[in-house]
Every structure is written in structure tokens, then in C-alpha cells.
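Chain nomenclature is as follows: A, B and C, assigned in order of appearance, with residue numbering initiated at 1 for each chain independently.
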Amino acid sequence: MYPFQDDLYAARNQWYIAAFSRDVGREQLLERWILDEPVVFYRTVAGDAVALEGRCAHRHFPLSKSNLQGDNIQCAYHGFTYDSAGTCVHIPAQEKIPAACRIKAYPLVERWNWLWIWMGDSALADDSMIPDHKEIGLTDPAYISNVVVYNEVACRHQLLHDNLLDLTHISILHSATIGNGSDSVASTPETHEEGDNWAASMRVIKNYPCPEVFTSFLGYRGNIDRTITLKFLMPGLHFGMDEFRKPSLGDQPGELLGRLAIYHGVTPARRHTTHYHFAIARDFAKNEATTDVFNHAMSAVIEEDKVGLTALEEMLVGLDDRRPREVLALSDSHQTRARRIFEKLIKNDQAAVRAVPIVPVAN
Amino acid sequence: MYPFQDDLYAARNQWYIAAFSRDVGREQLLERWILDEPVVFYRTVAGDAVALEGRCAHRHFPLSKSNLQGDNIQCAYHGFTYDSAGTCVHIPAQEKIPAACRIKAYPLVERWNWLWIWMGDSALADDSMIPDHKEIGLTDPAYISNVVVYNEVACRHQLLHDNLLDLTHISILHSATIGNGSDSVASTPETHEEGDNWAASMRVIKNYPCPEVFTSFLGYRGNIDRTITLKFLMPGLHFGMDEFRKPSLGDQPGELLGRLAIYHGVTPARRHTTHYHFAIARDFAKNEATTDVFNHAMSAVIEEDKVGLTALEEMLVGLDDRRPREVLALSDSHQTRARRIFEKLIKNDQAAVRAVPIVPVAN
Amino acid sequence: MYPFQDDLYAARNQWYIAAFSRDVGREQLLERWILDEPVVFYRTVAGDAVALEGRCAHRHFPLSKSNLQGDNIQCAYHGFTYDSAGTCVHIPAQEKIPAACRIKAYPLVERWNWLWIWMGDSALADDSMIPDHKEIGLTDPAYISNVVVYNEVACRHQLLHDNLLDLTHISILHSATIGNGSDSVASTPETHEEGDNWAASMRVIKNYPCPEVFTSFLGYRGNIDRTITLKFLMPGLHFGMDEFRKPSLGDQPGELLGRLAIYHGVTPARRHTTHYHFAIARDFAKNEATTDVFNHAMSAVIEEDKVGLTALEEMLVGLDDRRPREVLALSDSHQTRARRIFEKLIKNDQAAVRAVPIVPVAN
């Protein structure tokens, strides 16, 4: 599907952000489609988050409508009951339970306020593949980190990645908010760097008026030097680092005013919808009040992306199978390289998945 | 389409319940899609119910928007007018009416409060194929019978049949109503019996507390023996018989408290929607007040099925063409055998329909 | 698509009515899909109407969400900016603009209150192909002409043409309004005439009561002779002329009471939607108050067509690919002949379009 090849969708043997911790509990079962599969989430009595296949092995009834019985989940149609490992432990009117009667249990890891899910082969789920949360500032004591907003965006996941891989859009789409009505971001050249499963861009904006949204938080109103880094830790997290400094004097960097760490969790939901978990951390103005004001301001920015990407998806769907040709600009250089790495990741994953003869059990 | 083979839909040369009598009149034309065809219903001046093809032979305008003129129906677009046999009797601006200008008139039989329709070859319509209404209690003077509720359910018709062919769901899906919060139905083994175009299951629940919904109607609060029979008279009616008795003493059946006859009319509407006509008869507490209370209680049960099956249909549609594999339980034995008979019925019908070279006239 | 062959949609190298003048300005950008392509409309500072491809050449963002900068349009995503000829004049963060970076600019001609658009090869756009507005009464000083109503109708464009090519529907679908509850129009035989890209029908209704809707405007209440002409100027305008006279005396035509010119602009939007621009002109009762009352009455008539054609489209879509067979009446003679000419026009256009090897630039 555009902008990828038609047969490329998403890598399965990878970790994705499935939910914020707060969204999974025992009061209400949560259904989320992830990589086009239904998943049901809940917590055990002890508080552990569980992710199971979202439909009963028997007659495919959605398990999000089911009832918790202790740590087990009972299908609300005929009463088939599964434990948190997906093993069927009760079938009405029979004693013996066939081994084939089970649903998938997805590896699920809770770190900071994220629940990370592994949709592929459980045997390959290696949680060292999850980005190091200390390293990216989420659990670094120098920072205060917090959840900002979750949206299910009505666009294919690639559009959200494209958005984050070309920050020139800050000057236009976000002109009324973080773009600050200026073309500072768009007009500053970027550098980039890549690895096997990541791609990063960096730009340094020199000696320009600090965007108004940041002045009060930083307690500073003059010109600044600002370094914007955004690193795509494939396949599901974009990690940004914003550094605000007083203007440099000659070769010396100016005084550090503050650093902002930004997290965009991007997870394919269905073919045309995407889970978007947004969080932020900062090493300045660490009081609660600032968090509220900050989250409010940032939610408005995310809303601009959501509205824009939804309109873009509608356009693409409206064109049906008339695959649009793209015009490349210099500013697409980073996006183009990152797309290539990302597509390769998916291709390799699909090849691996195809190489294993899959004998579905309960599916 | 799941759970059938992809090319199996529904048998045409069969009788189906199209409507309750009260839903067809002269005030408003009724459009119902049946077996994926548009049908328009009305009554003649003399009161006879009529079922005609739901679109004009001329330019396909929906005849449900048309105007009655005595016993004829006048298309609201250009005025082509048809009599109750589907023969065109008026074309604007011309005298001679070509023989080809006609619409299908479907054989329609009014029995008790049902209108039975025949969607296939009229020449084969034999109303002795309609279940005997006296035999099933609808016109038996020992019973008082009444219409309960009509729903168009947003699921393929097979799901409604599956539902009725596995009554273990009473204990779970209907736990808050007739399930009575107990697993009595689910845990009682069933026996079954089949014929060429029917399949029946029976279970006897011994010496258990009478479900609360029935106690006041039966005027009895102790334990009961209850026999539940449900017979699928293919392709469109499930006929149930519930017998309530005082607990048996040794080999002698206990005193009869009352019998309830239950009727589920299931008619394919479109590919993913189904007409569901539900009625009931009883040989006890035959006053009007009981009817109202009873209907109200039963409508709530049907609503539970409607909500559940709609959720199930959404799940199946969400899976697109990924045909789900089923796990069979012992409790599916009856359903599995009945499905086989039902599928054979459809296959034979489709073979017969294909064998006749069809030369459509007005279609 | 029915009623045409499956591969016939609409001729590209033709003029179509895109909008009323009043609907295009600078306050708000207008997006209209025309011939299944997104088009964005605005006016330059000097007031000239502009029609550009409705999506950015870069990442396909809908340009209807963009911002006007003088005569240019700036994409609201990354800021690519185009002039009114579709040439890209600004790309963020780069000086040189590749020649390939452009969007289509559609020839657009403003005549009277219509904006006429040419969706095909610009080189072939010849505005002498647009119907002569003087000739059809729009700019004839004998008439007062005015815009009545615009609707996007949820039906394929062919259904709107079919509607206008068979006026017998006036007696039935418009029975409550201009049909006047009589079959005068339907029962009067019509004559017809055709050319290479037009087809006209005419009927003279003799000595019948003037429809009530016209009596007050004409200031006359007796019987009339009425001549109704409707000419389909393919592919997008039906031009009607209604002449009201006192009844003829022998061979002499009766005294002229007034003439009404009627304009139906029919433009394919998407596959199942159509732009319908309706206007009217009259050579009697030329005061403003009459215009208001007249427009109000005529809008009600158009609404009847809209409701009817939407119901018809739903019926056709409901039948999926089961192509309905038509029954022909004598009254379809004009429609049948006109359809044949119209289909040939589209076939020839499609052949011409295929004959030119198309190398899309920005698309």
C-alpha cells in the first residue's frame, strides 16, 4: 500500500507500543486491533497486564465482550474460559479439553507507562530489543516524564512515520503552535545518520527567537540556539531530543536552558488506522502545574497532525488504486533513506515469517 | 461465506417467513430484501397480502416508494403500473403493453400471523411444505399464541441458526435473563435426532430451581423438571417446546405445570443481515396481562442475541477473507450435524436452480 | 457502469459546469471532485477564477486545506507553493525547483454565472465548444436569468441524464408540483431531433389548464397551449424552453404569455455522485420578488428528483453486479437515441485519450 510496495504492511517479529498502562485494568476489557489482529487486554488480580487473541477459538466471539473470572477470561457467548496464557480451562458440558483449544497469548512487557506487545513468534520475543528507557530519558532521574495523549488516527501507519521523518512540516502544519509562524525549522538544513533499524535527523537553529510556547517554561525570552534531533527507533518509536541554549559565543556553545525528550509511539492498528501514543519528558520546570499546561499545549499540536493525516488518508483512499507519483525535494532525503531501511525491515520479517511453515492452532 | 462454503448462501425453492401479518397493509408499502432481492409488500382492497419484485421493470426505481391504486401499484417515477400478479397494466403514452413488461409476483401464504414467501420457481411452490401450524401449537386451541418481536439483525443468517443450534449459550449470553445465572442448560447433556430437512435437540433438566422469569406465570416456586426441545424445520423456522413439570417420582413424570412453544423465524435478508421474527405460545396463564409481561421479558432475551450476533458479525467482517478455524466442542455435535443437513439442502437447491435454463423476463 | 457499458464513464475533452460563480472566492477554498479527480478552486486577487489539481505534487495533501498567498496557493502540510498556472514557486529548504514539480491547472472559463472546466488535454480546450449563452437566453436582454440551486446528488451522472431525457416523469414524480396532478405531459406524444453531440425532444400540449405554479407568474388563469422543448447539449447541459400561449385558433398560434428557459448543469463528480447546477430564465414578470418565489418553487421540484434518484442509485448499488435488464417503452425512444449518441461521444473520447501516449508529470 502506498507509500510502500503493495504487499508490504508491517513487521511482526518486533515490539510495538500497545497501550499506556493506565488504559488497561480490570474494570473494563480493552480491545485494540494491532497489525490487523484483534487483541484483548486486561490485568490479573496481581496486576499483571495480559494480551490475548481477541476472539474465542470456538465461534470467534469478540473476547472484549467477555467476563473476567479471577485471572481467567470467560467468553460471553458459550462460556469457553481461558487463562492468561491463552489455554482453555473450561468448556461447557465437557470434562476433557482438547489441546487445540487455545488462543494466542502475546508477549507483553510493561516498562515505564508503556505496554509493549510482540505480535510475531513468541519464541523470538527478546525484550532487550525494546529501546532502553533510561537512555532515552523516560526513567532518567534528571527528567520528569509523562503521558500526554493517545489517539487512534484514521490513517495508515506509514503516513505518521512520513510525517515524523520530515520536520519541515513544523513550519507550516504547526504554524499556529510550535511552528511559531516562522520558517526557522523548514529553512534550516538537517544532517542525518542511520543504522540497521534506526534513522536520525538533526538540525541546529542558530540565534532565533525562542518559540513562545517554550518561553514561560524555560523562564527565558531572548534569542536561542536550538538543537532538534529525532530518531526513528524502528518499527514503532520516534524519540526526539530538543536542546535549548542561549546563543553560542564563537565556538563555545551557549548556556543550557533545558532539554525536552519527545516520544511518538506509532503502532499499526488496521490497514487504514494507527495507534498514536505521545509522551514527553523534560529536565526543567519540573512542577505538576507545568506538566498540565505543557500537555495541553502539546495535545493541540498532535491534533493538528491528526486532522492533517486524516485528510491525507481520505485523499489517498479517494484515489483508489491510482497510485500517485511523488515529487522528491531535498528535504525528503532523510525520509527517503529511512523509508528504505524500514521497508527492508518489513521485507526481511515477511521473508522470515514465510520461511517458517505456520500451522495455526486455535486460529 | 463462513461458516458455510463460500459459494453457499440460501435455498430458493423454499418457504420463508417474510413478515408478521400486522406489518403489511395499505397505509405504507413495506420493502424487505429477502435472499438478497428487493421485495415490496402491500394488501389488496379485499385484504390479501401481495409480494412483488421491489423494483420497476422499466428503470429499476424502488417500488416501495410507489403509490397504490386500488389493487395495483404505480411506480412513482414514470407511472408504470402493475397488478397484484406483477403484470404491467399501464405504461404512459402508449396503448399496447409488451408481454415482457412484468415484475415477479412471489407466492405468499398467510397462516396464523405469518406471511410465508417463496422466492424460487413459482411452479414448485407447494404450501404443504409449510410447517403444520396446528401441530406446532400456533392454531391449537389448547394454546394462546402471540407475536413477540421483529428485528433485522446485522448478521448473516447462518449465525442466527448457529445460535439456536447450540443452546449452551443460554447459560452465558442469557445469564442475566433466562439463563438464571446458572449453568443448568449448558451442563445438561442433549440428545438429538435428524431427518432430511430437520434436526432436533432435546435435554431434560432434572429437579432444579425454576427460573425466576417463569415462576409467576406458572404459579409455582419449587424445583422442577424441565424438558427443552428445539427443532430446526429447515430452512427458516426453529420450533421449540418447553415442558415444565414438578419433579418426577421414580419412573413417573411429575405433574405438568405448563408448556411453552417458541418460534424463531430466520430469513436471509442481504448477505450480512437477517430478518428475525420471534413468536411464542403457551397453554397456561392465558390472560392478556400475562402476554404483555411475557413479551416484554422475551424481547429482552432476543435483544441479547441481537447485540451478541452483531458483535460477532463485526468480528468476522473485520477478519476479511481470513477464514477462521473453528474448535469443536462436544456441545457442537448437534450444530455440526444440523449444519451438514442444511448445507446439503442449499447445495441441492442450487444444483436444481442451475439445471433449469433461466430466461428472466422482466429482470 | 449501468446504464452504460462497464468501461464507459465520461468524456474528458469536454467542457463541464464546475460551479456557480458565487461559490468560488478567496475566503474559502472550494474542493470539488470532477470526473473522479480532486480539483481546488479559488480566485486571484484580480478576481479570476482558478482551478488546480486538488492535491500537492509532493505528498498528495489535499490542497483545499491550503492557504492562499496572493495569487498562489501554499500546501498546508510542508509549504510547497504553486502559482495559478500550477507551477511550483517555492519548496522549503531549497532554491532550485525541479520542472517536474507542478500540478495540473485546468482551463476554466467564466460565462454568465457558470464556471466551465475542461478536464482533458489543455491544448484541445476550445471555448467555442461552450454553448452560446446569448442563444440559450442566459445573456439575452429579453430574459432575466438567475441561479436557482446547487446539489451534489448521490447518484451516477447517467441517472440524471436519463431523468431529463424522459419527461413523462413530470406527471408522476413531480405530480405534487409541476406535474399538477395530471398526465398531460406523459400522455402527449413527443417529437425528437438529434445531431452529433446533442439530442432534443419537443411536445406541444394543447388547450389544457395552466399548471397552478405558473398562473400567478403569467397573470393568466385559463387554458393554455404549452410547448416544452428540452435539448441535451452534451456532455453537460440540458437546455429547456417552455412556451406558454393562449389556445390556438385554427392554424394560428395563440397569444404568447411568456417563455421560460431552463438549465440543468450535470457534471460527474465521483462514480456514484453528480454535481447538479440548476438555473432558470424568463421573459415575463421580471421583478425580484417573482425570482424568489420562483426559485423556491423550482427548488422543491429539484428536491423531488434528488430524493428519487438517490433511492434509485441505492437500488442499483444494492443489486451489486447483477446488471438489471430494462424494458423499453415508446416513451424511451428519445432517451434511447440520446444515450447512443452520448455513449459514442464517450467512446470516441476514450479512444482519443488512449491514442495519445500520456506521460504524467506531477501526477
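List of remarks:
The rule is short, and it goes like this: a residue touches a chain if its C-beta (ideal position, glycine included) is under 8 Å from a C-beta of that chain, and two chains touch if they have at least 3 such contacts.
These figures come from a predicted structure and were not determined experimentally.
Leaving out subunit B only, the rest of the assembly stays one piece through touching. Because subunit A and subunit B share one sequence, their contact can be compared position by position; here under half of the interface residue numbers appear on both sides. Per-chain Cα centroids separate subunit A from subunit B by 47 Å.
Those residues of subunit A in touch with two or more other chains do not exist in this structure.
Interface residues of subunit C, counted against subunit B in their complex, comprise 162, 166, 168-169, 171-173, 183, 186-189, 308, 311-312, 314-316, 318-319, 324-327, 329-332.
On the subunit A side of its complex with subunit B, the touching residues are 33, 38, 54-55, 57-62, 65, 74-80, 91-94, 98, 100-101, 270, 360, 362-363.
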